[in-house]
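Quick heads-up: structures coming right below.
In what comes next, chain A is part of two complexes: it sits with chain B in the first one and with chain C in the second one.
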Partner chain A sequence: MPLDRYRNTALVDGIDVRALPLAGDSPAPASQGKQQQQQQQHWFQRRLVQDTVGSGYVEFGDTKVLCSVHGPMEPKRSVLTDAGAEQSRAQLQVYYKLAPFASHQAGRVSYLPDETERRAASFLQDTLAPSLRLDRLPKSRIELHCLVLEDAGCCLATAVNCACLALVDAGLEMYDLVTAATVCRPVGATDWQLEVGDGSNSGGSSSVTLAYMRSLRQVAGMLVEAAEPLQPREVSAACRICEDPCKMTHSSLRQFLLDCLPADDRTAKIA
Partner chain B sequence: TRQLLSEPERQYIFDSVQDAVRIDGRQCLAYRQAALRLDLLCYATASAQVSLGETDVLVSVREEDNPGATAQQQGSTGSSASSSSSGPVSVWVDCSCLGSGPEQQQLADEAQAHLSSLYRCLRTPTPVFVDILLLGYDGDLLDAASIAASAALMRALPASLLSAQALPLFATVHRIGSQQIVDANQLEESCSMARVTVGVDSNGRLVACQTCGEGSLQFESMTEMIETGVRKAMMLHDSVAKLVARVL
Partner chain C sequence: KKHLTMQSAPDDEELDSLSIRLVGLDENYPVRLNWNDLGVQFSKQSIVVPGDRLTRSREFIPGHGTLRRTVEAGSGNASFAAGRRQKQNDDNAEDNDEDDEDEDEEGAWELAASVAGRQHVVNKLLCVLPGRSRYAGEIGDVVVGRVQEVASRRWRIDANARLQATLHLSGVLLPGEDLRRKSEEDERAMRAVLAEGDLVSAEVQSVQADGSLVLHTRNARYGRLGQGTLVRVPPALIKRSKTHFHSLPCGVTLVLGMNGYCWCGPTPGQSDVREPLASPADRSEVARVRACVRLLAVNHVPLYDTSVMQAYEVARESPVALLSRPDEQLRVARLVAEQLLTAEVGEAQPGGGGFGLHSGDLISGGALSAVH
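Let's look at the complex of A and B:
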């Protein structure tokens, strides 16, 4: 089993290795500058859930997301979609849930899906569908369950990355990998900052999430959550800023998947 | 609610839009004839009905003086009214008139999520409840609902508040082939490759923006569609302000 240097495996009364300067790939403290933020990397793992056709686990900073794919299964009966073109392609159904213990600031998260969760689920569905060859699985339904274990910001983008990993792990045919990044900006500020999942964005700021397909050079989804009115060109600028992190995540996810290929190494890590 | 379309019908709509002709004879960037009626409900602070083609939306705006009671009331229905992060304007969308299937539910949920995000920047002294009742659906629900809600809010909110904060409106731009269209009806919506929904306040600034639908876009076309959306929304702002002023 390869050595996992990324995570703190110390005993309860041990020293926190993340505080030591030697731990190069440890999460950057919130106060550190942009250089530190850009070093923030995703940590991928697949096949974490055994009873599914595919699953993925992504850590980004302190944000942890787990996705599992079920299916293909029988489609849900619907009067309108019973016949015609709807049956010629698979239905993708996405469920998005924050674990009750996921949020640090908001306290315990309710079991019932709230509006943000429903909105995130519909965003994920719209974002992932363009990348999937749903026409290859007619008369079927694919379910994707996305569980945010820890929310330290940037969890929607991390969920997109994780869902993409899970879908690849499930062996579904895809046009391209979808990767996402979020930039945020506090009210009154002028510069967009890349969100890195270090809990620094405690709400009340505008954010732009972009999901990008690098090989196709196409935007799979974009979501602006404005805390104040924004100029259209500011939104375009934010999307441009997101493009590079999306490309970087694409490369590292691709590398991770390539590394997984020959030996079916379940705990491979991207340097 | 998704319209059933055969492949030749889809192709017909697609091809005609490429030649800048729409099935009802409109220009690509033209809205359908809209009708706005104000103050239909006597128990609401203000109400408005908008019909945009066959899409028919009734909006009631109600200001609550007793926030404690309403928070309790809303808490039981699972609305996000009690959470402070969503702002004091809470939106509720109901489309039970169209049926109770999962598709109708999804339509209502999506519209509610979009419209709540539209009013997130708006700050009012008392909690305001915007209840949207969908009476008929033929595409472009968000634009129609935001026009109705905006008209009702203009009547309900005090003038001092409206001069300080601009009310936003939605404009949805669809992409079919190489053409952009606005105010797509249900048939065109089912042919749409991608759509961008922008929420624009009357100063031309974005308060919400999202790509929806199962399609992907080039960067350039996305930017173009946002620009078109902003332009069309500014046009809608003008018309709504004129119409409401005429009633006053």
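Let's look at the complex of A and C:
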């Protein structure tokens, strides 16, 4: 296992900040922080990270994800890549990481990506790569870094939304906005419920995450994590339920962009 | 003992637990110049987002930021979308008044936006210009770049573009030469001209098919840049002008590269082969100019010689260290912006209002028309 030499590993035995009581507060779990209505709303921000081409920040309930985009830039020259087909399109690389303090359930997360994070990165890559016009950028590389600051449920779908926002902010050409939603179902239950960002979902549920491109009416990606054997019709029922939240997220993301894009023309020169 | 420092949320009835606050989102913390306060309104017309339908009319030529897609009249992509096609059309695009066009034919296509930005129409060309994008480069642009690699008969230069730019050995003006072929000796002496890490000002000679730039310095103005500082700003802020080399009265030379790399340095004396080390007084002037360029860039004020000189005048008396504080940057940028706006109002264009989006190649100001 490669050592991460750049990190200070002295904090491995530190205490969890959530266990620290604030003056005047009872040690309440984080899920009581936001009201019920706010749990289902997205809050978007962009251009937060300096020195990146584009960045986005999305809060969904208590889940917070920050994405930054670097590139397009020179491709990595490797002996293994062949010069022909590889270089006719840009390469998209996704790095996905939970912050050490992010997880509500798992306690402190290691600095090195573990298997869930690698799987999430690969899902993001498979989902976002088809939505970008990579053939317009030959011989380039685009890097997308996702950092989950707090994971209170629905974290992968929020990461998809955030990554889409960062890519749009970077000015990369896309076919459509990609938005995602997650439904989950505890073991033994029959109904799929929309997963919200308040940490109320227990670890042992099956979940289906669907990423959808609304204007094209195409599915960009789907991830099924099954805690029990699932029938195909159950999975398709879950997808059907995911569609409406995806569309609503698309509308709110689109509205957010329409509201903040006019101010971009500050870069329009005077006279 | 607390290992992490976090800003705890302010007293707010909605957020009474620990929450992570990102610096800069607090309304009381002035970070950027707000142009709305200065009376500038940005119109919300014709702003599009990737995936929006622009037009179905065949008379438009697709430009940058648009793509053609076929209208899928009969095909359903996923089985669960079968029942929802009826409701799809009314939430799809901005202008719905194009539904009176002819019905979907077989093979009908439409133009859609692929970037987020403002759409422009010039005659029949329809394009979408994003607020900021990578510097692409045009023939004749003055750029500032840093040498990354010395390869065989060429230098590879980072010019803030997608790919590295190339400066050929035949594209530099060597001292004491007329038009002669470069010999073996010249090739070995390339590092004496430009080594890795050097800054160079050059002009774009051509743009290759894959988008990489070919530069040249065949003019006495261009060449290696000596002592000074590089400031990196968004390329869209650099206003295209007749000359990009400015000798400011305070003894500082400012080179505003169109790729967003700006260089400030002490104005070199006449025909000094080896420049002497700049004095501390010169260096603080360079630092002041650099701080002015930086604060204008952070507040999204366009960069050209007038705006930088006005910022310098305002900031002349402040200590240079003060100019890196955001509130001081905001104050200076605001003054400069106000002066620039009053200067422009004096020469307002007919049809008034708004700012012409100067893309440098397509539009030359004026009102933007919506697409129909």
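Following the convention adopted for this analysis, the second predicted complex is superposed on the first by the 221 of 271 C-alpha atoms of A that agree within 3 Å, B and C clash if a C-alpha of one lies under 4 Å from a C-alpha of the other, contacts with A are read in each partner's own complex, and residues count from 1 in each chain.
Please note the rule applied: a contact is a pair of C-beta atoms (placed from the backbone, for glycine too) under 8 Å apart; a residue touches a chain by one contact, two chains touch by 3 or more.
Not measured: the values here are computed from a predicted model.
When both complexes are overlaid on chain A, the residue A:Gln45 reaches chain C alone and has no touch with chain B. Of the two partner chains placed by superposition, only chain B is touched by A:Leu112; chain C is not.
Look at A:Val219: by the touch rule set out above, it reaches both chain B and chain C. Contact with chain C, but none with chain B, is seen for A:Glu173 once the two complexes are overlaid on the shared chain. Legend: residue contacts after superposition of the two complexes on their common chain; A:Glu228 is shown touching chain B, with no touch to chain C.
When the shared chain is aligned, chain B comes close enough to touch A:Ser122, but chain C does not. Once chain A of one complex is fitted onto chain A of the other, the partner contacts of A:Met73 are limited to chain C, with no touch recorded for chain B.
More residues of chain A are in touch with C than with the other of chain B and chain C. In the superposed model, A:Ser236 makes contact with both chain B and chain C. Common to the chain B-facing and chain C-facing surfaces of chain A are residues 213, 216-219, 236, 239-240, 243. For chain A in complex with chain C, the residues that touch the partner chain are 11, 14-15, 17-18, 20, 22, 25, 28, 30, 32-35, 38, 45, 48, 53, 57, 64, 71-74, 101, 133, 137-140, 149-150, 168-169, 171-177, 213-219, 236, 239-240, 243, 247, 251, 254, 257-259, 261-271. Chain contact summary for the complex, chain A toward chain B: residues 76, 78-81, 83-86, 112, 114-115, 118-119, 122-123, 125-126, 129-131, 203, 213, 216-232, 235-236, 239-240, 243. Residues 1-2, 4-7, 10, 78, 80, 85-86, 101-103, 109-110, 112-113, 116-117, 120-121, 166, 196, 201, 203-219, 222-223, 226-227, 230 of chain B touch chain A in their complex.
For chain C in complex with chain A, the touching residues are 2-4, 6, 8, 14-20, 22, 24-25, 35, 42-44, 47, 49-53, 65, 67, 69, 72, 76-81, 84-85, 88, 91-93, 112, 114-118, 130-134, 162-164, 210-211, 234, 236-237, 239, 300, 302, 304, 340-341, 343-344, 347, 355-358, 365.
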